[in-house]
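Across the two complexes that follow, subunit A remains constant while its partner is subunit B and subsequently subunit C.
== the complex of A and B ==
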């Protein structure tokens, strides 16, 4: 079986719009987290987020503006960059041979929030007809497909933060079945009052007002996470096929993936990371690599002590005493729901490409977790492989192994 | 229905449509567009539906789903709407 290659990537992140800007900011440890500006957060228990602020009217066809949620507009920008990066010209591949598989955690939540607001303030006749699809989980897949005329096998994965990796895994399956190329990944976010309530109710948001004191995973002072918006879209192709069409470069390979689901939460039996450990081991099996072959880990980094403990337990169980470097670039963006995993995949490939492992910011890792967290400045390392871990609310675990281009 | 709405003309209708469904840079709104197929202007049936909702709220015009999905040009939409608007005094 030929390898499944990443041939294009597009990034939208709170600390950088576009892959190059994001990577530059990430290596410079520039955080995109700040006080929420999208709405007044004063009445809420958490006030920080990683926002992507841009005027879409400069960048997207005007006709798309009334019918798209902010996260859909960001998805379209990332997809546009990924297609350009892959050098797939319109019409070069048969349109039924290019699919779109994205992940979403909440759909177009902000759009839905505004329409609900109209419903109750003014009445049902004021709700936009575009609400029929603009809120929906599959809307980013659909809008990308329509804009670029891609009619291959498509779909959406919904598994909270784990879904982004699961989408890439599904794209890999499609490529293995003979689909020429698949746009995949996720750009996600729901930074509106309704979305904020949904995240707050989980009880895991950091209440800190100072970005330097919020979202400090694996720190003894960790008190929760900061939500972010953004993510990445990748182009996956079968490596020989990519070469045959004259793809300029392979950015790396998707080598393995596995997803597991945790048992029902039970206060008498806290999360020990067993399900996550299983996902990591199965992903390694799928890649044909052993733990010793993994050069760097991109952690899920939930930012609450119990979940950090579970993840650290899973990772130390797999890697033993070997101090494999652990990177948490999402400390600079916040947790981007489904967008986080794909952005970590892109970041891992850039780290491998450049030999620079990005640092975590704001966190001082507590020794008892037993993790070798990269902090402060980038670590120079000739990495060839990376493990990416993502966990979603209510039991989703996903792990992916990626490797260097030849 | 507002009693102070400007008369519904083809220009007014085109403006409402732009506000409701956006304007594609590719679709030039210059010149006589009354009979240009809506699809060529980049508008689908949802764009018409969105516009129809505004016409209902502002002019008291109620279009059936069949009418909304059957409309193919701004001129047709204007004719349907005007049938229900009392002549300006």
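== the complex of A and C ==
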């Protein structure tokens, strides 16, 4: 079976808009986490987030502004960059041969909050004519497809934070079945008071007011995570097809993927990372690689002790005593739900391309996890392959293996 | 070797009845389950009719704690999944958890619970900075609807791939289509796949009112859904769920399972035209149909029945009629086409799976459900829409299609299991 190549990438992140700005900030260990400015967070138990602030008016056509949530605008920007990067916007490919598969988590939630507010405060006749599609989970795929005239097989998956990798895997499946190119990934980011209390409801957010003391995965002091806005959109193509159309460069390959699901949580039988381990092993099988072939891991890094322990257990079970470097760039962006996995895939490919593994910030890894976390500054490493792990609330596990361009 | 996929179990929660039998009885009777909304006072809205499920969670055996915690659509999915597993005859010990997955389609997830909780935390819309102390501890489960698939997976013991598919009103076709791919490529042997939506709530009514997508025929609730009729003026909102047990064919054969149908082909396209609008030419839906037929290895003139999207909006029924003509050629005029939305309304993401269930049952029972309320066909809709009365027919190849906001167009071909195999 022919290889599936990444030929384009677009990024929106709290520490950088655009792939280049993001990568520069990430290698410089610049965090985008701060106190929420989108609304007054004072009365809420958590007050920090990785916001992507953006004035869309000079970046998107005016007609799109009233009909889009912030997260959709961000996804349109990421898609635009990915298409430009891949050089497929010039109508080189038949439009019915290019698809769009994104993951969503909560849809355009801020847009939905505004319309719920109008409905309940003022009445049905005040609800926007765009509400029927601006908030729902399929919106980003639909808007990207319309903006770029893409008519191929498309889709939308939801699996909490694991969904972004699942979407890329679905895009790979479509490419393997003969679709010329697929835009894929996910962008989240819809900060509003209503969404904020929903995210806070499980008690998993860090209550710290100081970013340096908040999201600290694998730290002995870890006490929760910080949500972030952003993510990435990628262009996937069959490698020979990309070459045939004269694609400027291949950024890397998607080599393997697997998704598994955990049993219902049971206080008598805590999460041992068993399901995650199986996902990693199946993804390695799918890629035809062995654990020893993996040069770097991009961890899920939940930031709560029980989940960090489970992830560390799965990784050490797979890699044994070998101290494979573990990177957690999301300590600089916050956890982006569906957007996190795709951004980690982009980051992994950039790390492979540059030989620089980005560091985690704000965290001092506890020795008992047995992980070789890259902290403080980038690690210089001639990596050829990377494993990306993403876990979603309720038990979703997803693992992806990517490799260097030739 | 190609791995074929068959449907070996069906579970249904529908307006008009819970379970496969009342669902099928309603469909072949030509009766309708649309009525004036009873779930809340809908009088401030432009459209006040819907197809509601008479669903008693306790009578369906759901745990009271689950009922208070789970969105209505998730409750539907648990009940339908349990029915489907029972119908399939698969005992829990016959399921290999790691080789079993779940895909649940839903257009709007837990929207009804989200709205209910929003009303509580905002003090009925008074406060923009909502009150965290009034938030239920499981609010996140409504916020990200993958909780729906998680609950089904936990209840059925699946530990393979578990996902929600949310492509608007094609979710119910795309969820099953996605599950079929996972079996075909060897990731799973069994998938519990289907779709659920319970969208009948003020915000959903308001959003469809705002674009005049739903019918204002409030004085004739039982005949308000009129696909392909000259007098149609919008769809009737519905709710419901269908879940299937899908199996790799040899897996089903080895245990001598009853098989309803095989999924011969599936395809989807985007129209890249408009988030809610459809071009009248039906080009992308026709492309999806052609691709699904091609995968099934059947010629267009082998299609015995088409289950239409048939929502009853002006633009949809015209768009779809054009798509059938484009994809099936002259055979479109000879092929019975019907819309069960005339009877059970349009349950958004769920309806695609309910329509697959209708197709499988049509093949099983040798009968085509009619299009109810079709007395005066629109001259622009000039195919055989099986008006009013069900029709007996031996069905070997059935096509079902869906069309959704976002521009999604999907098509699936069901075939006799013996005929699968390329």
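Assume the second predicted complex is superposed on the first by the 405 of 406 C-alpha atoms of A that agree within 3 Å, B and C clash if a C-alpha of one lies under 4 Å from a C-alpha of the other, contacts with A are read in each partner's own complex, and residues count from 1 in each chain.
By definition in this document, a contact is a pair of C-beta atoms (placed from the backbone, for glycine too) under 8 Å apart; a residue touches a chain by one contact, two chains touch by 3 or more.
Computed from a predicted structure; not experimentally measured.
Engineer: For subunit A, which side has the bigger count of touched residues, subunit B or subunit C?
Structural biologist: It is C that touches the greater number of subunit A residues.
Engineer: Output check: A:369 vs subunit B and subunit C. Expected answer is one of first, second, both, neither. What do you get?
Structural biologist: So A:369 meets neither subunit B nor subunit C here.
Engineer: For A:129, decide between first (touching subunit B), second (touching subunit C), both and neither.
Structural biologist: Both partners, subunit B and subunit C.
Engineer: Applying the document's definition of touch, where does A:141 land relative to subunit B and subunit C: first, second, both, or neither?
Structural biologist: Second partner only.
Engineer: Who does A:39 touch here: subunit B (first), subunit C (second), both, or neither?
Structural biologist: second
Engineer: First (subunit B), second (subunit C), both or neither: which does A:158 touch?
Structural biologist: The second partner, subunit C, only.
Engineer: After the superposition on A, what does A:67 contact: first (subunit B), second (subunit C), both or neither?
Structural biologist: both
Engineer: Quick check on the superposed pair: does A:225 touch subunit B, subunit C, both, or neither? Answer first, second, both or neither.
Structural biologist: Neither subunit B nor subunit C is touched by A:225.
Engineer: In the superposed arrangement, what residues of subunit A touch both subunit B and subunit C?
Structural biologist: 67, 128-130, 132
Engineer: So in the complex, the part of subunit B that touches subunit A is made up of which residues?
Structural biologist: Within the complex, subunit B contacts subunit A at residues 20-27, 42-43, 46-47, 49-50, 53, 56-57.
Engineer: For a test of understanding, state which residues of subunit A touch subunit B in their complex under the given definition.
Structural biologist: 61-67, 125-126, 128-130, 132
Engineer: Where on subunit C does subunit A make contact in their complex?
Structural biologist: 44-46, 98, 101-102, 107-109, 114-115, 118-119, 121-122, 124-126, 128-132, 135-147, 149-150, 153-154, 158-168, 171, 174, 178, 181, 185, 187, 202-203, 205-211, 213, 267-276, 284, 287, 404-408
Engineer: In the complex of these two chains, what residues of subunit A are touching subunit C?
Structural biologist: The contact residues of subunit A facing subunit C are 39-40, 43-45, 67, 95-96, 99-100, 104-107, 109, 112-113, 115-117, 119-121, 123-124, 127-133, 136-139, 141-143, 145-146, 148-160, 163, 166, 170, 173, 193-195, 197-203, 258-264, 275, 278, 337, 392-396.
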